[in-house]
């Protein structure tokens, strides 16, 4: 049987700020530069979710695309679209900085429980602008 | 002599929020939807600035590109990159909502005084994400 | 008051075929080339709809974007997404060939009645692949 | 010696339909949604073919690009450009559904025999629209 | 009858250098910066050619696309693909600098004689990299 | 701890020529085609540099992005922007042909010494135009 990977891309705008209140203003400025600006800036995030599975011989599909789209809508778009990412449970209370690296991991952790058993998550890519992206592979 | 238009594109992330404090929460939600979320969301703005002029016979150029780039750096990138757009003079104190339409106009008004006399500004396009953009022509 | 243009872009796949049954196979092949192949080929159409209006001073918007999106969903996506374009009323019975030029015009005619009175349609662009597009301006 | 991967991208429009005549109309609709619409819809397929080889010290190339382009023209563009994919030998008679997953595999199988012995095929990516793609690695 | 515009885009790499031998090295450096570097640099030029015509009622087309493609192949791709633009007749002997502005004009002048009488050239756009382009409208 | 990959993309134009003086004109033409044209053609090169590291728990970053940008500016943009690639030490005296494959390797070798010890280089991708790119992984 053949295995294939399928990638779905979605886009949404959101806000974030890089800041640690335990650090001085100067320390925040040195480490985070303009990303520490108040109250927030943001991006048009482009997310690419790659899953892998056996291709079903009857449907020719590695995964039911409408089910994947529903999962992405529930776990990513609903909570993150036009949101302030620092307020998500993964980042609230300065638990973690909502960088592209950490956002990729947060999305990974949100998607894994909802995927069909026969389907494995292989990569989450988070793009921020044209020239920067992070990949997380679990 | 030949006239030509030259367009320069730049990109920067910024934050904004659509909100009028004179309106109720409900009214803000109805008019602005998720764009009213606190404290802010943002975008990777792509700005396209189009100027028109006679093409100089010696240089083959409609405008000195390094001078245009310097103008864009001073008037757009310096104040707007990673900024909260609502804090710009054009929008502060809820003077105006920093929509793509109003941002295009603000950029127009910032650029006109700095352009060479022989060169006219023809269009400012502001892109927000992949699927939305506004054009302002003065 | 300031006037601005706002453009919304949407994408959908569809099928079409260029063929006139009044012509011989040879004539169809000469005029339409591979576009005459049975039963159909298709494209990932990218549609750009540009409207122009005064910018509302309170909202900073030229048009209510959610209303525009609803119009595009009803008049374009609902009937055209994954459809065989030759079956649309504008093209059925070989009334017209569903070229990019004619599709742009069909979309124009579908959108005009549903736009707010203060808002004028300025251009419909239909993109077919990366390297070809048609513009219709009414 | 250095190994490198080289990727060539090509684009063509084609038509396809997802349908199994052994299933009821209802079953086809449930499984395939709008992709079951008659007679066909289509896409502007973007194919990315990645090969790997030692870099030739004299030419600095991993593969003779003009030979690769000729192979892609013969094995992919000639049979698939403006074609109805369900009619290809790999899919005819409902042998398989021409999904992006299966198309990637079909292209893989077509290319392998024609590649130089020193050059290995590493990945075939098939893009359908902006937001969906499948990868096949043999 | 309906008028429409159709735009075709093509891409090719070429080389060029900005230099006037009547000027000192210093003057060339001040005016042209790194574009004066010997012997040449280059770009992946993207050309967009926009024509306008009545849409033919039988074919639904503003222009015979295969005829337009043949014209672009003969007048643009054949002489300019992988060429050193300074050697083209329009630029040879330092007659003019091959800037994007002048290249757009040269392409305009090459295309006009070969277009069908019913079809008018409306714009030639020359893109150089992602963030710069020139438009010439005759 | 979590590992992540971060990719930074930069763009610059440059010139190059494929030519071996030990070969006859005919041999050069057969092997290199139009890429042997005098004096040079060029491209808008897009470089994608992928690094991998543990994500710092305090900053949420796999690498200090401003340090990476400084490294790319010093080792890639300063020597290669608007340059004739054949003149770089890696290629001078026909030591090697500046193909995308060899350019990817040259960039790899330039970056490795300057990366932080905790950070490993994973891939250098060199794009030339829209439809061709090479990957080097060391």
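In order of appearance the chains are A, B, C, D, E and F, and numbering begins at 1 in each one.
Going forward, a contact is a pair of C-beta atoms (placed from the backbone, for glycine too) under 8 Å apart; a residue touches a chain by one contact, two chains touch by 3 or more.
Note that the coordinates shown come from a computational prediction; the quantities given were computed from them, not determined experimentally.
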Listing by label each chain that touches chain A and chain E gives B, F
Counting one step per pair of touching chains, how far is chain F from chain D at the shortest?
1
Please report how far chain A has to rotate so that its Cα atoms sit on those of chain D, a copy of the same sequence, as a value between 0 and 180° in steps of 5.
120
Of all other chains, the one whose Cα centre sits farthest from chain D
B
Determine whether chain B and chain E, two copies of the same sequence, contact each other through the same residue numbers or different ones, counting it as same when over half of the numbers at the interface appear on both sides.
different
Does B-C or C-D have more contacting C-beta pairs?
C-D
Per Cα centroids, the chain farthest from chain E
A
Copy of E-F's interface among A-D, C-D or D-F, judged by over half the contact pairs being the same?
C-D
Just give me the whole-number Å value for how far the CA centre of chain A lies from that of chain B.
28
Indicate the whole-number Å distance between the mean C-alpha point of chain B and the mean C-alpha point of chain D.
41
Pull out every residue in chain B that's touching 2 or more other chains.
33, 130
Using the definition of touching given at the top, classify the network of chains in this structure as line, ring, star, complete or other.
other
Which chains touch which?
A-B, A-D, A-F, B-C, B-E, C-D, C-E, D-F, E-F
For chain C, which residues count as touching chain E in their complex?
18, 20, 31-33, 96-102, 104-105, 130-137
For the complex, which residues does chain F have touching chain E?
11, 13-16, 33-35, 37-44, 81-84, 128-130
Complex interface listing, chain A residues touching chain D:
2, 4-10, 50, 55, 57-62, 65-66
